[in-house]
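Here it is, the structure, as structure tokens.
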Amino acid sequence: MIAARLHRYHEKLVVENIAEPKITGPWDVIVRLGGAGLCRTDLHVQEGQWAEKSQVALPYTPGHENAGWVHEIGSAVTNVAVGDTVIMHPIVTCGLCRACRAGDDVHCEESAFPGIDTDGGFAELLKTNARSVVKLQPSLHPKDIAALADAGLTAYHAVKKAISVLHPGTTAVVIGAGGLGHIGIQCLKAMTAAEIIVIDPNEKARALASEIGADHTVAADGRHVDTILEMTDGKGAEAVIDFVGESGVIPQGIAMLRNAGSYFVIGYGEDIVVPTIDVISREINFVGNLVGTYNDLDELMVLAAQDKVTLHTSTYPLDAVNDAMADLDQGRLQGRGILVAA
Amino acid sequence: MIAARLHRYHEKLVVENIAEPKITGPWDVIVRLGGAGLCRTDLHVQEGQWAEKSQVALPYTPGHENAGWVHEIGSAVTNVAVGDTVIMHPIVTCGLCRACRAGDDVHCEESAFPGIDTDGGFAELLKTNARSVVKLQPSLHPKDIAALADAGLTAYHAVKKAISVLHPGTTAVVIGAGGLGHIGIQCLKAMTAAEIIVIDPNEKARALASEIGADHTVAADGRHVDTILEMTDGKGAEAVIDFVGESGVIPQGIAMLRNAGSYFVIGYGEDIVVPTIDVISREINFVGNLVGTYNDLDELMVLAAQDKVTLHTSTYPLDAVNDAMADLDQGRLQGRGILVAA
Amino acid sequence: MIAARLHRYHEKLVVENIAEPKITGPWDVIVRLGGAGLCRTDLHVQEGQWAEKSQVALPYTPGHENAGWVHEIGSAVTNVAVGDTVIMHPIVTCGLCRACRAGDDVHCEESAFPGIDTDGGFAELLKTNARSVVKLQPSLHPKDIAALADAGLTAYHAVKKAISVLHPGTTAVVIGAGGLGHIGIQCLKAMTAAEIIVIDPNEKARALASEIGADHTVAADGRHVDTILEMTDGKGAEAVIDFVGESGVIPQGIAMLRNAGSYFVIGYGEDIVVPTIDVISREINFVGNLVGTYNDLDELMVLAAQDKVTLHTSTYPLDAVNDAMADLDQGRLQGRGILVAA
Amino acid sequence: MIAARLHRYHEKLVVENIAEPKITGPWDVIVRLGGAGLCRTDLHVQEGQWAEKSQVALPYTPGHENAGWVHEIGSAVTNVAVGDTVIMHPIVTCGLCRACRAGDDVHCEESAFPGIDTDGGFAELLKTNARSVVKLQPSLHPKDIAALADAGLTAYHAVKKAISVLHPGTTAVVIGAGGLGHIGIQCLKAMTAAEIIVIDPNEKARALASEIGADHTVAADGRHVDTILEMTDGKGAEAVIDFVGESGVIPQGIAMLRNAGSYFVIGYGEDIVVPTIDVISREINFVGNLVGTYNDLDELMVLAAQDKVTLHTSTYPLDAVNDAMADLDQGRLQGRGILVAA
């Protein structure tokens, strides 16, 4: 089958013919891909930022936002059948460890993360397991929702954590209205009555943010910290939801936070640097966010089916993967890039 | 009356005669001090670390851990009478703002913090209000429990936040078994079945920790991060409760944290510096802790009455305040220093 | 001043001239009423259902949903000034007891409940205190929002409790789309993405429910339990929110509940009768709801200001109070009845 | 193999020879029983109380509190090996449904409940699956902890739910210090600082309760409701944890409940009958409890390993099962009865 593979860090992916995956265990599921989302993490992977953490052996196939149709199943699989339309939870989990049993499958002790530490979805076929496939209405096309599998799921997961502090009368500041941010905004709108303020340097991104639920948008113009403070009676926001995590936004985000407020870290790249005296005297919190659980993905698919979350995508054929990555890197890609194999 | 006042940052306190406080509002309460706890924050105050945050005008009287007997009350005070033994919640709150009404009185919008931004308890009399006095059994002596008013309360508050992640089978690492830490250990013991591991460089502090509830103690010997990881199957602790926040402990504490774990910040002095990629890939959290609420203090007094929390104190006369501060600064003070006015 | 007073249980109210209330304490506030909501509880009061619980001495003035303008204030009141537009939290609370301090002011240990156990708002003036007045935009007219003070607040409070079980993909069944129910529906819509199914025997009420946010409405036609089960794949709803509590709806509501689901009790009149074997084998919960807190009322006023909650009201002059009560009793009153004094 | 089987409701069990269970799926696990706890539910089963709910076909083997050693495993089982000492979570779950994934495996949509709806542990061998076996230290003997598998687990689960309302200064009333109650008391002691008051008519049970952690015991002497109210300043308890659910205790328990308190239903037999006006005016809750999750069982085994929970048991050979059931029924069995097959 055709796959786009990373052979060396800092180099382009190679589109090539490789062997198809095989069923080896009773819970295995092989999926024919209908769409694979392209994510800023794929750029970070290419740059080697994940090399030490993932310990993946090169060459391998990136792509961790996958949807398609079930192609083959193991002997004990009962929850999907060949031909079913599915979206894949990004993590292949064991179902036996404490984390899986606690509803925190993201921290499974025996997991694989296709596209990060094993072969992913920039290919025709992907091997996953029965615990990772969410069955969809056959009317949905995988390419239209694939990017919800990780970008969307991460945004949903962070928003779900934020909900408990976002009662009516509170403010949520969203930093970054790109691939993840524009899903986060929609999730906030669907599940809270908080006032949503979105900060982005890009005018088109801000216009999109307003369309999909932002109550206010603010340009990242150098005095946006003051602007947010003015908009919140000098007190700041109960929640800052940071989908950027680089380009100097972190100290700005912290300055926008209300006393006792929480900073939700989703985007990454730079360091959090904060004096402990500020952390304690303002009693603020920093909340890490990886990706959502299987149930989170299931819930997000409900919001998608209710048209409360819609994706803005640009489609590329699989063999144009390097063009797509360049477009993403250079800010030419609005919404989310989707690779389609055939 | 006699009071110990700070006239200039970086200088010793001056013990001098000043005017007594007066009742001016219907909710005012004036307390004759029976004991005032000495806290590392008093050193930080003297060093000017709080100058910008508190905006206090010098000279003023430090001392924010106070207990005594009611001396005079305003016309509308109904919850205490002259002569009652009381411990004072450190913050004088309004009872009308959203935070006060939400059970989060620490973030009161119209508060005063005697000893930090107004005159405190290194004196014979202190002015507070009806919302800040917790009535005690007359059998209790103020000097025996005064330090629970802030040090104890802060430790209790942090432990109470940590409880929700500390089910049986989990590990809580306590960094620092000094004034706050040794109360935190007792609170953990009283309210959880978690395994408690205490790290301290001081052998006496570790011995005390073992006596009052630590399941294990670890010397801060340079390889203690590895020791903690070995004790937790290489996974780290669900909660790291840091009562130090300086001397380089923060990166160590982060390294001891389990994936999805939470770092409770109580001690302060240095910066948290952490790459966002670690925050998101490990999905870890940082939780700020200021001081507990009035109800927290009331609950802590229950633990004290049940003998589940006992204070180890050293008493000094008020006019020896500078000796006490030097002892604290130079690590000669075990347990908590208490100043007694008369 | 003019007031409508209950002299004997089971008799009509008497509209008569009585003495005006006086300021007696530093936190007292006297409000000139702009609107007083009429509630099914007023009928229950008249029938004597509350006599034993409230221990109120007759004659007295009912009316517990009040809004107006500040008329006079006590010496220590700082949060409102004469002339301010205010809505009154129904309970006059102390601000000193544990419940008040815990954000649970409804269970204040030293409270009064004007209209239930002391004189209420079916009058020209009402005495309350500084802790019970929520300041509003001057543009709002008291009669338009008065009924949010108790009916709305109770509905909001119950919905807020239900939110934690109402993630996307869940179902909330609302029993009764009358005065409280139609506010509850709007609160659910504003704060959750759950599917909202509303049951009511009245066609007009169902039509209104659909307009304001119900995803489905079901006639109470005798087979509605089966209908709900069919709509939920035979499993029932995660939350049943019962605004009726009489006319035989309780066993129906229990039958509609999913395993591990929660039954929110708001309406009252009949008994809950349920075998403990059902409670444990289905692991279901029953959650009592009185009225919301001051902060809940503040949050509800935000939803009102955002036009996410709008009240459907019918206005009556105060001296037509008995007509209004008859209309309510006989089901002729859609939305909420509001009494206006002048 | 030998098994004790129920052939007809209301009749004694028949000890007889039946075929051994066989591995048929990749996740199956067969366990050689070392101990099977006897529970009041087994009496209810025999009386036919569960017939309609369980739909079990007679004859079948009761016994739902099981521990032993792994005898045989399916092809995909990786978490236990033949010979391992294990305790069995009572429910055999799928690991694929939303409930399993949410950490609520008790409500698994494809579950079996050996001993209730399929063959249980009153036998030499029991068939379960990989998701239901908790691996233990080999030093533990199954007969010493078997009863923790359901009775203990249920008590633990209920106490864990109650913890959030049981801060220091609160009161937990435990009704019934029998098989479940005496575990519940130990769990409360291990995980809260609440005051624990235990009510039981039996003097020996009260003496045991005092030994294992009750702060006070009260005889069920007809005026015990008043006694509890006196012990709680007339206010009642924040939590009533009812391990009886019959013999008229329910209205007593409700009367002991503080406003805003919660009634935890564990024991069963009679109905809850409560006027909705009481539920709303006192804002009380009723919380159903079935059995704990797999993770709850794992946590309880930690408490057992820490000697914080110890079981008081009486052992019977499997063929004396009917004697054991008679002893339980007639109140001659203190602590928990354990059947041992060989």
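For clarity, chains are labelled A, B, C and D in written order, and residue numbers in each chain start from 1.
The rule is simple: a residue touches a chain if its C-beta (ideal position, glycine included) is under 8 Å from a C-beta of that chain, and two chains touch if they have at least 3 such contacts.
Remember, it's a predicted structure, so these values are computed and weren't measured experimentally.
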### Query
Tell me which of A-C, B-D or A-B has the interface of C-D again, with more than half the contact pairs shared?
A-B
#### Entry: A-D compared against A-B, more contacting pairs
A-B
#### Entry: Length of the line joining the C-alpha centres of chain A and chain B, rounded to whole Å
40
### In chain A, residues with contacts to at least two other chains
104, 298
### Query
Hey, which residues of chain C end up touching chain D in the complex?
49, 53, 99, 104, 106-107, 245-246, 250, 259-260, 265-277, 279-290
### Summary
So, in the complex, the side of chain A touching chain C is made of residues 160, 163, 167-169, 190-193, 298-300, 302-303, 306, 308
### Residues of chain A touching chain D in the complex
25-27, 75-76, 78-79, 95-96, 98, 100-105, 130-131, 293-295, 298
